[in-house]
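Note that the chains are named A, B and C in the order they appear, and that numbering of residues resets to 1 at the start of each chain.
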Amino acid sequence: MPPDAVALPAAAAPRAGWALPRDAGWWALLLPAFLLMSVIYVAPILQVLAISVTEPTTGLGNYERLFTSIGVQRVIGTTLRICAVTTVIALLLGYALAYVVALASPRAQRWWLLGVLLPLWISVLVRAFAWVTLLRRQGLVNQGLQGLGLIDEPLALVWNEFGIVVGMVHYMVPYAVLPMLAAMREIDPRLLAAARGLGASRLMAFARVFLPLSAPGLVAAGVLVFIFSLGFYITPAILGGGKTLMAAEWIKLQILDLVRWGMGAMLATVVVVAILTTLAVFSRVVNLRRLFGGGH
Amino acid sequence: MNGGYPAGPLARSIAWATVLYLLLPITIVIPVSVTDQRYLSLPEHGISFRHYANLLGSESWLASIQQSFWIALGSTLIAVTAGTLCAIGCWRIGRRSTELVRALMLLPLIIPAIVYAIGLYRWFGTLDLLDRFLGVTLAHGVTGIPYVVITVSTALAAFDPRLEQAARGMGASLGQTLRWVILPRIAPGIASGAIFAFIHSWDELVLVLFIASRNVFTLPRKIWDGINENLDPSMAAVAVLLIVFTVALLALDGALRARRQ
Amino acid sequence: MSAPVAHALELRGLSKRYGSFIAVDAVSLRVDRGQFLTLLGPSGSGKTTILMAIAGFVAPSEGAVLLDGADITGLSPERRDFGMVFQGYALFPHMTVAENVAFPLRVRGLSRADRDARVRGALDLVQLAAFAGRRPSQLSGGQQQRVALARALVFDPALLLLDEPLSALDKKLRAELQDELKALHRRVGRTFVNVTHDQEEALSLSDQVAILNHGRLVQMGAPEALYERPRTRFVADFLGKSNFLQGTVREVGATGMALQAGATRLVQAGAAHPAPGRPALLSLRPEKIGLLAGAETAENEVAGTIASWAYLGAGYSLSVRTADLGEIRVALPAWRAPIAPREGLPVRLGWAADAAVPVLEDADAA
């Protein structure tokens, strides 16, 4: 060091007496997010849970309706049916897509991924609107089919369960692809080549080697798509046209139109509990942080 | 994986069909938006931009766009500040307890918007935040936090923790370490998070259906009313503009990622 | 107490436990101002944990760290006055060399002019002035190491901590930088604490070496003292190579003892010995053994045959099989080899009474 250098001030003067815990500063960084999340997010949701057992009267009266009200049961049935169908179709399409992407060259992978991620980020409203344009009675699909002379009367393609499933699968396929692709990327493609080299057919190699190795990704994708579908609002509302009611729209109806807070809060609670239970059951297979790209 | 083992023809055809199913229906709004008709249809005699002109000449549409933009900007600011600090804190402390904090931050991705929306409707009623710019901005900001936490955590996973030790060891305070060492290194991750948080707010509808009515009328809300009331080609024009905007933001994100590598 | 404290750094009963695992076990040591101390040990010996506790990155479970007599155990790293060269250097990749070196000065709020002058001085010191504008990724490993040194020294800290500073470099460069590091230490005259698992580096660089094993301080001293007078089998084995001769004490005299190993009788000089009838362990360095030619004699003589041998350029390494003492390794300078070695050749080994050192078994030393 330059011998004539002046004495440097210490970075921070040692302070005697009390000292904060070593990590206090780092914990303080969590504070803004934690406070915001508690006051603006968790508190209102806890209030929903509370309303479900306090309005109109204290008790489990609202939950009793799960067993007594045909209307409530029908909504739950419709929701579960549509969610199950959506999940199965989204998984089938997504699996084939993820399989092809995983085996593609890195360059081709980028293009495939673009095709999967682009729709993911385009407004769900825009997508639902596009489907309405295509599928309604005077829509482009019916016009086209009529123009070709294939049908005489326009088909009912939207404002029913069919329309909802078409729109929901469209929304969910990217969410199905991502976790499956993550799992498939871990599989060494040489294993498939080795299986073929050992005499397995293409189908055997797939069924005995690739499918079992990609199963965790398949389960994770299924869980993700199912829980996203359970509380989905916009697409079912637009493509269902108010005729087919799923849970989210029914909740909205109870609260905004009928002002039956207790019932709306009850079904909302049921949906949340169903989602958290599904996650808990599959928590071993579904690494949430990895699912959402949280890294390592 | 690499291209050593090609996928079979069945898988390839399903994959192609799926991608077309994902992309084509969205592109239908482009020809519809330039139709010369007054109703939703493909152009018949030629293309016309009058629906774009209608849109951009409409004060109510422009007002909604403006409002959405400011709300998205404000909520992005909230999400980025809170999310980045939280991700850094969790990363540095790295105990099991921070796993819980991180799980808490991911809740808005898991719990359906409708549940949060009805809760917020009541909650903001008591706080007098209904139908106010601040209320919507706060709600969008909080629900944007997970996107930032995820992208910043990913960026931090690639950050050498010894750099932070080195900075502290040389006498840097926590603030100086953040400003001069950590933040510059994870800036691309923060930018990605900001872009996603912005898109989230810009597209968000369910919350505004409940906590906003007349004073705050965002673009998605206006589109929602348009779809439910008058399906006319100007809706297609809005849709095209939204798609262009989203694609531009994603391209920006892609460019930032490319620069990082 | 008003007596000035001469120790730059002192550890008092330092311990660190992670759950039931004891990483550092009651280590106490003192370093005088301006000394070069090396913490040497195999991986998992606790040496890095001790360094991190000195730096403040690890909070000790028990014990204290004193700098110039002041207890700094509770201070956070940024309030302790030390420079540190990290393993892998931890240079900020988004800053230039000059910005890296200026970092500790910027943190201390120095003016731009002061900063520039000091950075120039520090870069001159490590002969990197010409690279001030480069990014760390544009430098070689050795250059990066010198930037890390400049950055650690630029703010004139009382203490410089080095965490395996040479481990990332190849062998030739390592030897070069060892010399440079030693010269640098003399020039700046600060207290250096170095961590390494490389015994050669420890011997050549240090004024003092502290040998650690399983979290314990086994022995500390000047390199020559440690090499010549290891206290335990572990120290003798870890520092250089050693033969271990096991025997039973027969007689004890004023200037030495006699040992019996099978039919072989050994004489060993020195004052402190186990009582007669007790087992004893001697450490005998390979280079202290000679091959006896013809009528040559030595205080200790053992006959054997060459089991294997290797030519090492400067000399031979022989492994000689003996009846009572097992295989004995001998390092023979080429110019002193009376014969050309070959397998199965009968030889006589000889060494002086003061060539070997009695050492403790590690379990007994604990």
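As a working rule, a residue touches a chain if its C-beta (ideal position, glycine included) is under 8 Å from a C-beta of that chain, and two chains touch if they have at least 3 such contacts.
Just so it is clear, the model here is predicted, and its values are computed rather than measured.
When you average the Cα atoms of each chain and compare centres, the chain farthest from chain A turns out to be C.
By number of C-beta pairs in contact, A-B leads over the other of A-B and B-C.
Each chain gets one centre point, the mean of its Cα atoms, and the points for chain B and chain C are 57 Å apart. Here the spacing of chain A and chain B, counted between their Cα centres, is 15 Å.
Within chain B, contacts with two or more other chains are made by residues 170-173.
Counting partner chains per residue, chain C has residues 76, 78-79, 81, 104, 107-108, 155 touching two or more of them.
Shown for chain A are the residues that touch two or more other chains, namely 10-12. Against chain B, the residues of chain C that register as touching in their complex are 55-57, 76-79, 81-84, 86-88, 90, 92-94, 103-104, 106-108, 151-152, 155, 161. Residues of chain A that touch chain B in their complex: 10-12, 23, 25-30, 32-34, 36-37, 40-48, 51, 92-94, 96-97, 99-106, 108, 112, 115-119, 121-134, 136, 138-140, 143, 170, 173-174, 184-185, 187-190, 192-193, 196, 202, 206, 227, 230-234, 238, 248, 251-252, 255-256, 261, 264-265, 268, 271-272, 275-276, 279, 288-289, 292-296.
Across the complex, chain B meets chain C through its residues 160, 162-163, 165-173, 176, 180-181, 184-185.
Those residues of chain B that touch chain A in the shared complex are 1-8, 10-12, 14-15, 17-19, 21-23, 25-26, 28-29, 32, 39-42, 78, 81-83, 85-86, 88-90, 92-93, 98, 101-116, 118-124, 138-139, 141-143, 145-146, 149-151, 153-154, 157, 170-174, 199, 202-203, 205-206, 209-210, 220, 223-224, 227-228, 231, 235-236, 239, 242-243, 246-247, 249-250.
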